[in-house]
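Chain naming follows the written order as A, B and C, and within any one chain the residues start at number 1.
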Amino acid sequence: MLEWLESIGLADHHCHGVLGRDLGRAEFEALLTEAETGGPPGVSPFDSQIGFALRRWCPPVLGLEAHASPEDYLARRAELGAAEVNRRFLAAARLESLCVDTGYTPESLLDPPALGRLAGAPAHEIVRLETVAEQTARDGVAAAGFADEVRARVAACAPRVAGAKSIAAYRAGLELEGARPSAAEVTAAAGRLLRQEDPRVCDEVLHRFLVWCASDAGLPVQFHVGLGDVDADLRRGDPLLLIELLRAMDAAGTPALLLHNYPFHRQAGYLAQVLPNVYVDAGLATHNLGHRAPALIAELLELAPFGKVLYSSDAFGLAELYHLGALLFRRGLAGMLAGGVEDGAWTAADAERVAALVASGNARRVYRL
Amino acid sequence: MLEWLESIGLADHHCHGVLGRDLGRAEFEALLTEAETGGPPGVSPFDSQIGFALRRWCPPVLGLEAHASPEDYLARRAELGAAEVNRRFLAAARLESLCVDTGYTPESLLDPPALGRLAGAPAHEIVRLETVAEQTARDGVAAAGFADEVRARVAACAPRVAGAKSIAAYRAGLELEGARPSAAEVTAAAGRLLRQEDPRVCDEVLHRFLVWCASDAGLPVQFHVGLGDVDADLRRGDPLLLIELLRAMDAAGTPALLLHNYPFHRQAGYLAQVLPNVYVDAGLATHNLGHRAPALIAELLELAPFGKVLYSSDAFGLAELYHLGALLFRRGLAGMLAGGVEDGAWTAADAERVAALVASGNARRVYRL
Amino acid sequence: MLEWLESIGLADHHCHGVLGRDLGRAEFEALLTEAETGGPPGVSPFDSQIGFALRRWCPPVLGLEAHASPEDYLARRAELGAAEVNRRFLAAARLESLCVDTGYTPESLLDPPALGRLAGAPAHEIVRLETVAEQTARDGVAAAGFADEVRARVAACAPRVAGAKSIAAYRAGLELEGARPSAAEVTAAAGRLLRQEDPRVCDEVLHRFLVWCASDAGLPVQFHVGLGDVDADLRRGDPLLLIELLRAMDAAGTPALLLHNYPFHRQAGYLAQVLPNVYVDAGLATHNLGHRAPALIAELLELAPFGKVLYSSDAFGLAELYHLGALLFRRGLAGMLAGGVEDGAWTAADAERVAALVASGNARRVYRL
């Protein structure tokens, strides 16, 4: 039973590219944490839940014993080379499909087709809304024409992408109103954006306008929620702040996917219960919590209906995170479901049905994959 | 020991009526979730912790095997009829007493005497403060006379009710000041209320005024806190927002009972420790969390003194929720207390004493039942 | 393994004095809770997690059986006398060093040297910043000279103290800006302070100014965060409110130590991961949670790198709290680390290394003890 649950393929509905080149220790450590560096002297992200989980589960994929030292692990990684390492970990994740956020590419990352080839699964694109707006501003447009141009670009990419993503939580925060902003409000906000040397969307009106562009284009909308890198202001990333917009999106029939959520995952689960259009995951947090991931998954599944929970890795940069996210999620979900069967709380058939929903069925339904 | 703890009678200090008529599947599902409907296509509340808990524990009460399918369960429910179903579940809850909130009766629900007969236990009434104010407004009164009329009505019902309840969390939110509002403030707020076609209290001044009416009438005051149906704005339901009013009520010697609390139950437990007049429960969340209820109960009991924790089901509409809430709370509390005895953390005598307090002793003391 | 982990010496980086005189029951109970008194009639802090933990672990230190009744325990305590009781519990805590906050001494408490003698370990002082400012105001100074005088006093004590502490969370709250306040702002705020009969710092500008005085003096800064006594307004004690100042302190190279944190310990763990200068503990909450302390420790260690977590008791008044905090923390940490070894999540060598960091290594590094 546990074995079966752990063998199930996953739809990773939110992930990023991995680096196609070799990495030194400092760079590797920086990619293992949401901080900008591996830490001050005396502190290493290898000494943390994610570091211990990596050393437990990743060395065997590279032909080492579990719990290899960081030094041995990184030496073996360098010996194999990035291409082989990426190939092994993407395959180890056993994904059924991927939805790749292409909005943040600070350096050359593998693109969705390359990721899909490594994973042996279709890789869909998720368009990042703020990136569309910023590119439009950089391409040159009058403030009065901004709204139409952005709306047209989002609509134009809709046929080829699986969904859209908002990073309002990193910028103006999730306290967004529900109503569509007026044309005058968007034009005024566009004017402010266009006056910036390097346009960066950080404006309640614009984040909201972008969500409605995606909704009008028939796209499900992902929201960054909860933990993220040090740029985030976590207090503005509480999903409860988003309730007005979520209600308005529900009235419009647009699915909203709340990503990550930790440490507000119970709040997110509540929203997934009370609003028909709200879905949740525990991406990023799952591999960050390592040995504690089962506790997170159990808490996420307290209020959230099982038809509203998805899997995502939120892997970025390191191919290891594809493997770790998938493995820890599978084990956490399987342990929780099998534990319930053992306690007589539900049947094996129920457990298998729920596992199939959460692993990929819900994602297929929401994104029409 | 575990058996003894699970046999104990409970005082359900916050519950509602159940429907006296038969229910179709859509209606049943809608009553099983805090959303307005059972969910979008492909999603059912039967596939959630509460749904699984219902299928685990309720079918045997109706003469079916545990884990009966939703279809079989609903067919058997229809076959027996609402009256018999209600009788069985209310009896199965093994209640010592009930405190019934009569403020929300969207359609004909069983009233406290009928519930009490089914439960075989005295059923006390809890008066909902906002309902009194809205009825007063509908009955016609001048703004200048509103305060006196409402105060008189609350005082008039005090002898026959066990307590009062505020739903400020559903309306203006819990950030209420501590001081009694001035007569001029109440008159101005009443004027605004009276100008509404269908008067609905959503006003910081009026919620606060109502709490003081109850306090002056010598009534303990329940507050909706934390999760509730989709009308609630959960960010405004954090009990920490209420601290000024709780302090002022403590100075006046008025008990405050924080209901539900999830996902802010640890915050509520803190308030129960630091303020002598604050009491807490985990109603509604207990049956919603199903198999995870023990985790919730353990967290609630981290900071809250054992003399400050009460039981409630917050059952509404479905008689099953009376049974589920009671059963899951008993099991969760018993498991936690018996586990501590097994670990040598406390004695069996201590565990039994605490169980008696939480199950009913605290409720009897606070409400003078 | 578990035994070894439980034998390890601890650096208690945040604690207070204990009372040198005998205590009656009411006084003892009031010191066992964060409320002002032991509770309303019928409620005793002995019936709570901290009360049960005390009765489990403290009687044997005084020569009684575990689970002695409160009456027997207090009688034995009185028989032995405060000096002997204090000696036994401070020794039982097996501390390697202490950092004692000397800013709150409502009555004669043992001072750091006396505590150090009882503990058989060096006792360092932590200077409370608001106390320095209030003493300066009481000593008489012109508003225009206030900043220089306070800065000089903080600098003057820097060589003899291990760090500084801010209690902004108890006063104006943790939502402090990052930038140093201007001289004009500090002078204006000092003017307001000096006009008070009994000067009490409760001012965003002054709390922030004080933190920068400590930073300039090269001192690590502790912040009260999360739970505390009833004076605290817990909603203003969320560590996420502090992020601007934490970032600015990071740029200045000043360590920030977030104390207590419950129920925001996961938020604190996030900050410890993303900001290089942020460290966390679970003081006060550890002994308050008693049998549930392991859950707290596991949650704190979800995101926080193991090189960023410290031990503190936050013991105040009762010597028992030194023993309880240390014992519960040791057991919780050891149980979590040994459990991971048993599950194959990490190696015994890793567990021992992490235990040494958290128990004292991190404190030695941050405070340069």
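Rule of thumb we're sticking to: a residue touches a chain if its C-beta (ideal position, glycine included) is under 8 Å from a C-beta of that chain, and two chains touch if they have at least 3 such contacts.
Bear in mind the structure is a predicted one, so any value in this text is a computation, not a measurement.
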*Draw the chains as points, connect those that touch, then say whether the picture is a line, ring, star, complete or other.*
complete
_Given that chain B and chain C are copies and touch, would you call their interface same or different according to whether over half of its residue numbers are shared?_
different
*Averaging only over C-alpha atoms, locate the centres of chain B and chain C and give their separation in whole Å.*
36
*Which positions in chain C touch two or more other chains at once?*
none
*Okay, in this complex, where on chain A does chain B touch?*
238, 240-241, 243, 247, 266-267, 270, 273-277, 298-299, 301-308, 340, 343-347, 350, 353-354, 357, 365
*Considering the complex alone, what residue numbers of chain A touch chain C?*
33-35, 37, 39-40, 42-45, 47-49, 52-53, 55-56, 66-67, 227, 229-230, 233-235, 262-263, 288-292, 295-296
